[in-house]
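Worksheet: the structure to be examined is printed underneath.
Note that the chains take the letters A, B, C and D in the order they are written out, and that residue 1 is the start of every chain.
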């Protein structure tokens, strides 16, 4: 009996060639396809894999879980890598890896394969989860396999192999950059983006129009949160109400995309030590991050806000580096989760040509107290208390000069 | 001989009334007026104070020092309070207080007065610096003085006092909110802004147009940094070059303002314990923060970036709370300063209707290595090293399941 | 009807005078006495208060709660203020304050009084909790009351007042330092300790002998933890087993005290801005901290350990400063709590003349893997993986020199 | 011409076999021997290497630099790994590696060899520095070389190879644990220490006696610091004065060793992912850490102390993991260094049977102010200021209950 392998399959040229190559090496290959919101004809992907020779194709719709268990917690933590990147790909990888391991365990398979390269972050994100959830897994990563690497030195080799083995190819022209797409974002890197001094081409983007091409008419939205979770989005002009995690996230992607929201162009640090240039479009994530932060400023204690903001960069790094299931990330997210019970309320915003403009916010948990803050009300606050407050705060700063 | 007091004087109604009130109480009052970039006729301010009865008026142009020693270091630290506020007022206060103390020492004066209220942050920022730099200072803060408070219970009391004492008043109508202005920003709070669920009125803004009113034609800028300091701004369309800290900051304020850059509307936490709603416009600061962060991503080590981002919220809180001269802020800024020697290079950006769009960046200190990052070059990076890297990183995550 | 006040009463001279003074001012005074493990005849304290004129005396045994809800969590967090002080008093104050507020609410009383001075930390710890749990409380703190202060300028005034009002006084001689005692520690400050260059007198200590006077025979103990909580202490020589939080804590106090464990002599920073010299003896706390940390090194992930150690100083500061019930402390303790589920196991130690010597440890949750760690077993660990691990870690450090 | 290699040589069995093995493989081998304070006859080591066939032997006395540039800065940072380990070996490795690279550069050699195993931390510490300071270095690590590993599967293989090649061997009996020794500490691991539930044998220790065997007579020492650096140690009984970094460190090692100071027995986390059990004796380091911390509590601001204690665990991890020359460690040490200018003064302590007892401290930079702290002096501190201080601190904690 031949050995079985579970392959993370996308339907693209690379993983299709890998599928065939594994079969040639004597493996029975089961393909795992995760629907994380990429634009794809999953029926066609399945057919393609079976035609190439896959023993079985498992397509799993992970979109709701992606939004609720990965995207929302990351946004609650304000996890933004290096101050700019909202982690779209980093969030999808552990989910795909987890689901693939679950499928493999069900089929009693302990050989896992993926098509990520040896220079990128995705290999780390896949393999760390593989090894954590299935410590005895054997991992096949052809792009780090010397034999595979010597056989396939460039796209022409892949194409001629595909032609030889009747693997259907959608386009023989190399894309001028590589793309990853899911519900959270589209990412672009490599190829003509590799010179960080040049702007990316406008034609590249998939989820967003340019702020230059966005409509003159703004969109006015209301987002309602309950305990840190967005639960409803309302178009204040049309009156349309979108409830439900996946539906509202899709609606915000559509709205943000139309209005040019969420493009980021950065040079970033990969976990494997080199820098790369990445371009991202994350419309819904960008809107929700702004709205969520705004609501926290109304509902969370200031020292809690400080701690959250101080820990956020570390959480983002852990997610980026592939440590989604690590105990340290669990510990930090435990701290974040404990703060969200009061983040309930409503944020009003306007989308306009790339801008997310906060118009106002309300909350039943609001810590804003007009009677205290107002300069026109004395209220309970005794202004002379401030004297003592300042003098005692100053005491340690005055040092020896005071006698 | 009557006792002398040095008053932080602005020329407005409040400090003019305070000036007179102090004179009535038998003080000889010297007025200290700091030019930190507010729109003001300083000649007229001086005349006004003298006419009211000031013994002397000292007007000091602090603009260059404000930009170089306060604004630029804060931007290098990415100090943004509660994730949103760029600290325009917080940065100006310790500078004004420091200069006032210097002036007082020169005149041998040890009584210092200011017009900040007892509910705000500015009283803390002023008084902490007063006490730190002049530990024996006696501080007069009329808005915390029970006698003053009972005499002046609202604007009508101030106006009638002004009328009675022939203090010139520019407008008898109360402003619907209070304003603070300097080179870094204009801030608005109080009055009709006190309901955080309502958007501020468009007519309020002084430094910026709305993104809605910004020109259709974008502005293309190049900003050059040397060791973390912006040294030159170039308009890539007109070819105009602006060198010099103050001049380029003013140019960026003008450019950003025209293109609707840098408005922020938040609920924030005052140090004295209550929340307030603040609206800010910070065009140049917003542009420089974006450009500086972008250049750091090209030139700083990733772990340095992580530490900088983790410490930034604490630095921002210290500045906001008035601890500019504190030893802990010095310690943290020492860490920040030690990282800036490599932050040299050029950032290309486009301003368009509220957006600061990064187009590209170059640096002689760039850590971006195309030969390593490129997926098309093997270079020195050995893809099989990644296997060992991942397996060893996974080891601690696998726990007991592995035997 | 006269107004009622709930007084935190200790039975000592100060609070006895305050009790009488409040009665003289027309209050009906209810005394709240918390048993937090101090050596005290609580029956006599009650009688004394009633004889002075208290309307009612409530004595509450808080010892078990003190150990379980205050001491153990603090030890789990490794909360040690300024690297030395184990927070004995800081932990007791919020407990006493909370219980006092509960008692006051039950009696429908909203005036709360305490005998802490205006220079120390305890006033802050009491009043922050009073105000947080009973925001409308009126607080009477005689040692900050100008009238009280002018009446009682030193101990002679207190004594003559006591004599005049027939308040029983145990000793008319002033103690050469002030003492606070509870289950966790005895603390000493003030008086002849105020010169930090001189060692405290040996006769001062109450819970511990000097290491010089400890027995030559060591004590061999075993401490068992379950999920971060000590559940059993075994004397390995006598075979005696002590289960139960309070009993084992008392047993460790006794054992540690006999063997000279847990004395600390420091200069510390009070929250109110000045430095003071404090001497502490904390036998059980010192032993448990050592044992708990040792067990964590066997059972927690290394990155979790790093985060815990990094956050511990902040947690300690919050406890020291009186922010026990603050949301930021809750957030940080939430992170700590989430790590304790695996801290189960047994630590073997020897107490000898001031030393807590760890002899060994075992755990069913041990992450120590002899088969991996041993230099004599290859095991699953592939030594050549280390090459890739190191090369990739080095990549970002090599910078531009590599071509 | 044969290729040249620079080998980190210790004189022990392993590196002697490696020396011969490299020569057999056709290398000309230069041996680099660093004197970091280990007990060693360096003349004999040199002779041995030359007799085996080394082309040249470079012995460098690094002791002073070790104390001043590695040990003292680490102690200033309070860098203690996982709360217990004072980093003796971790500090020596980058120094040895740096000196070896300097020697190699001088000889124009770019092949570097070391005898560290593939499971330990030292390989990482050596190789990270090699690659950082000489990015094009070729590194030979025989214990990770499959050929070497298959030839030498245990100590018997090493011994028979030594016998065959007339390599002098001091003892044919395997040590029951492995030892590393330098000025800072002696470390023990492996062999019979591998069961963390059993105490190490008393006979193992080299630098310290057991507290049980320490003299009944205590030693009374005075340590003087200048800007965070110990500059003089005085034996208060004999009156002997020891100035100078290296001399005083050696004196403290001797004194501490005699009095049983500085033993630690832990389970620790290696950077390469597994846990190991380590036992350390660090007499001088333990004494200096205690004294330095004590003096900081007298001379540093409390918020600076908090930041220092919060960053210390990260600094320790970086040193432990081999990132001594990393930019993030430089950044953090920059922050630490900026605080040391005021850490000047004198600490009085007693060494007694394992205890470092602080007796007192003085400093010209003392921030301790008796006139403020004393409960018997009113001084400048106004006790009623505390009321305002507390009320304003409480404001944010009271939340919505207040109206």
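Quick note on the criterion: contacts are C-beta pairs under 8 Å (C-beta built on N, C-alpha and C of every residue); 3 or more make two chains touch, one makes a residue touch a chain.
Worth saying up front: this structure is predicted, and the values here are computed from it rather than measured.
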Both-way neighbours, i.e. chains that touch chain B and touch chain A: C, D
Pair in B-D, C-D or A-D that repeats A-B, with over half of contact pairs matching by residue number: C-D
CA centroid of chain B to CA centroid of chain C, Å: 42
Centre-of-Cα separation between chain D and chain C, whole angstrom: 33
Cα-centroid distance, chain A relative to chain C, in whole angstrom: 44
Two or more partner chains touched - positions in chain D: 269, 272, 274, 301-303, 306, 326-327, 367, 369, 372, 381, 384, 386-387, 389, 391-397, 399, 402
Touching residues on chain A, where the partner in the complex is chain B: 78, 82-84, 117-120, 123-124, 127-128, 131-132, 135-136, 141, 143-144, 146, 149, 154, 178, 190, 194-199, 211-212, 218, 263, 265-270, 272-277, 293-294, 297-298, 301-302, 305-306, 309-311, 313-314, 317, 323, 325-327, 348, 352-355, 357-362, 366-370, 372-376, 381, 383-384, 386-387, 389-391, 393-394, 397-398, 401-402
Residues of chain C defined as touching chain B within the complex: 301-303, 367, 369, 371-372, 380-382, 384-389, 391-393, 395-397, 399-400, 402-403
Footprint of chain C on chain A - complex, ascending: 269, 272-274, 300-301, 303-304, 306-307, 326-328, 330-332, 334-335, 337-339, 392-396
